[in-house]
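One structure, pasted below without further comment.
Chain nomenclature is as follows: A, B, C and D, assigned in order of appearance, with residue numbering initiated at 1 for each chain independently.
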């Protein structure tokens, strides 16, 4: 329709590859975008796997070497959805090649890598994206809007926990997500980075932290069989933070909260009201308001599916809920619009770097047994 | 890949048209199907609208006269997603043309129409589908599985309510869904038919009913302006039912439950346990079991997103919820598999007819002020 | 302190006897009353039992023949907490003796008894009380207050269910509550009468009903051993009602809702908002208000423990909940204050009679299979 | 009836005085105790107030000087329910006088005071009691029982928050609970001590902590008028703890969680299951069990009102909830039974001291910005 086309190359074809592919494929069905997205190439190391992924997820073709994707002159956006240990090389190469970098979180395995990526992207001058998709759940976007409007007033508390349980069984194997060399950290980086992003997004920058990392099961069966191997990342992380605004934050990320599957939760207490979110009920935002008449106050469950709510009007009528995958569709839509308008999209690689600084500070605090300033 | 192709023509391009289109487009991305779906034609009366819908929803082409779609020899499946007053003509014509009929609910505006459609489809010998999509919410499929396994034992109670509030404001206009000539009935057929279907699906056939229909606001502004017009359908319907099994059912459907947006709820009480479902939290199934040790019993919230749960493994890892649209994807997947295997898919037009018999009995009971046997 | 004293004689010393005794004993500790309550006599047929009850519950003395209590000139109030088959004789005798009658619900086993009691009490000219204690849960009193203030506007729906499960096991014995001769009816009178009272209290008089009674288990082991006996009361009752106001009511009472222990629930939908109550969380009232700004609406959980809430200030600070027994304390306090002011206390025997008319109409409707007007 | 009598003198007649009085008055009505409780003397500094309290709460007499109560040879138990600054003097004097000491929490304003009290009580050889009443909510007792039975297996996480909001308004006056000299600390000691007690009770001793104290509003209007005064206690406290068992604990206590009235909450994650409690719904315990069949697992809400649940059988039938005040009745009953059997009652003054050690360590950690070992 005369719209410009943006061409995407996606590196990685597992869980995140599937979610990102769905977003690129669906975004134009629900959003009236200024550009068309072309899904050109998906890339993975195993040819049979990536070939099947290309077909199933709707990509024109596939590659097994990410350098060929980065070198493809037709491609505008390199989407990096691989394990953390390959992010830095791919991101830096893509940035040098003048591509727009869209990267999974946390951007690096170390603060040094993150800084390198941030610098490479800054030098490229191209807009970037980090996939902190939970900002784009309608209920979270609504929380952000209300906070920006002053509905909560001064914020006293941010209380976040991201609770999972998939490795609570000591017989669960030592997969790559439990190897520091592959993944940088455990629960802290994988899911803790999400609640740090939500804290930064909703309450502002973090000034100092004190925290603790725990590894409850230090040795596990190897996934390939043949004995066991060490776990050298954290099973759980907890930290206290002071925000620049003076708010007090508590953060906890764990893979040992038996019964909690994907409980990414926060509660924010401000002088005029409070907000509560839980990803397992991601269409709902709980809201307590001091503006309600005395005697009638209580936490109310706002089903954020009204056409007045962020993103909700794009999909279904009120009361018809959306799911996990839509957070990616919303993120992609917002990023494409911002790009078209020449506006900075948040969260970008700079946000990814600032997030990594918090992760790094928590790790240093856990080692030094004392507060760390950022 | 050598798979056979099934070609679909969709009549209707509003809310249901959008939902069905999404299902046809997405189903092959998540399910490993025995057939490929070809989205050939979408049909609607307004050319500008349907042209845009074809492009947005991903159809190859469009038509403005449904007869041309029915007559298209390439098309295998006619999907009827128009308002109720046109179902009978389209369904009968499609059946006569040897097409497989996939129809929105309730299938007709009257029992006479429903019988005619059932007969036409039966005569065609082709498998049919009725879009009672809520059977295919994973939590509802799980409920069905558990009931079939005997987890609840003898069922005493089915307690269902489908609560909405979109016309509670008396200034809301007299849209087509409030005209008997267009839509047959009001809350009863529109949403009551869904809970009747769930009752039939989960507890079995209904033997007798007694009910009441209410129209709280009998005159409303015309949507096109220029005064007001009468509302001649029910705003709310309530009825008591006896199931063939001896279970006692209570059903309520209303558009006047202020604050309830899409609260399609049921509770089933059996001798060994109970189940509770609410569409607004459609990923959850509440379960109480007498098999739990005494003293530890309680209603538990099962998040039906585990790979062991119906359909859930097709999408995302445990704890990552799906939404309203996925019920249609699941339905389409099941219907395609059943068709391929030569098995009867439920709910089909016969189910649609049996559902309509209940609607009809409730209307007759409301008129006669007495119980009606089916 | 110079306050007048009201002297009470209590007939019955089981569950209700315990609850009423607690209320008389505690009411002066929390409410600043115009009278002192003297707990003079408790009465029961078994001397060892009633002697122990007198001591445990704090009565001055006991009797084994209720006529002696009724004849005691010192006694002002006769509290009738026995099974239903003895209410009529005791109430009528007490009324004739010029006592104030305070009676458990439902007041009679038949409408004829209820009428006789109502006439006897009317003739006595003394204020009376019926123990529909749930009106006096703070959250219910709050609902009443808000409805009276017009917070809900015109009421469309009253949706009530009282769900229990204590006889769902077919091996549960045939206790007196399952004998029509002792108790009049089953779930209908025992717990259905409570939701009828709440409906009348909150929405107004009922004009017509249609209903169904079910007995799922028709024979049970005798409690004293030696074989089984018939169950001749309803295990479950469901009925639809039209209120004089035009509101549509649905009522269900059952002892077969496995997992529900004491789920006395209602939802009221009005044009400006809705209210939800559940006795198992009796300190909470859910409230949805159209008066909230669009986009911020949702059901809020009001914890009715604020000093602004009815009764709550008498007990503990906000957030410190009260329990079942406090509904009786509140009722007694209100009744004593009304008596002192010469105001009519509601619910009184007249209310008990009007309640029984609804019970009777439901029974007649179940027999005739048609609507019954009151 | 030939039972021995224990005579109580209560120092303090405000909120805690009211709650303790109710417990002494009611305990014999619900529990079949080995002793009778005699409520002899209540003591407070203001004669009109304490005289009224004696009458309202049911004490034989009153005093305005606590020393006279301690010196009363008839009195067995001295109950100390005054503000924290007077605990040490009264407790030590009572212990020296050979009384059994029953004391509100936290026992002292400083660790030095707590140690002195502990020593005095130890020297007396008399059994003591600290009013950590929440251990005796039936749902909490049930949690303890299940943990002791091994239902959770190894415990990984204890996640507790006690959230209130009564001083979030900066215009709320500078009451005595905001003066360090009167109260020792703010949210930390007042409500943080309760969750510390629950952590110690349910998970075991705490080995090390790191924490933060915040005072959001540092100056407030004086309650007596005439300007404002400084707030020198914490408005909020957060700390991370390592338990001796290796479990990771997070604790937060705040009076600035707008909308939270009395949200004393914990979640415990063990290898075989998890438990969740919230005081605002204190009759409920949420339980997730790995022992449930796969696919049927979920958090279940156990209504701890069954006769099999701790304490519940003493009061009302299943589903009839109890309230805040009953936690004190249960505590008193347990303490009296333990005393009669010559068994140590927990929590006693030794527990109060160990609790205070944690409070003290948190304060030292907040000052030193580093972990503190206990």
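As a convention for this text, a residue touches a chain if its C-beta (ideal position, glycine included) is under 8 Å from a C-beta of that chain, and two chains touch if they have at least 3 such contacts.
This one's a predicted model, so the numbers in the text were calculated from it and none came from an experiment.
In terms of C-beta pairs in contact, C-D outnumbers the other of C-D and B-D. The chain with its CA mean position farthest from that of chain B is D. For the pair chain B and chain D, the distance between mean C-alpha positions equals 54 Å. One finds 41 Å separating the Cα centroids of chain A and chain D. Our note on geometry: chain C versus chain D, Cα centroid distance of 35 Å, whole angstroms. Along chain A, residues 260, 288, 297-299, 303 each make contact with two or more other chains.
Against chain A, the residues of chain C that register as touching in their complex are 142, 146, 284, 286-289, 292, 294-303, 306, 308-309. By the touch rule above, chain C contacts chain B in their complex via residues 156-157, 159, 161, 163, 165, 168-170, 210-212, 214, 216, 235-236, 238-240, 242, 246, 248, 250, 252, 254, 256-260, 267, 269-274, 288, 290, 297-299, 369-371. On chain D, the positions that touch chain C within their shared complex are 1, 15, 19, 22, 25-26, 28-29, 55-58, 164, 166, 260-263, 279-283, 303, 305-306, 315-326.
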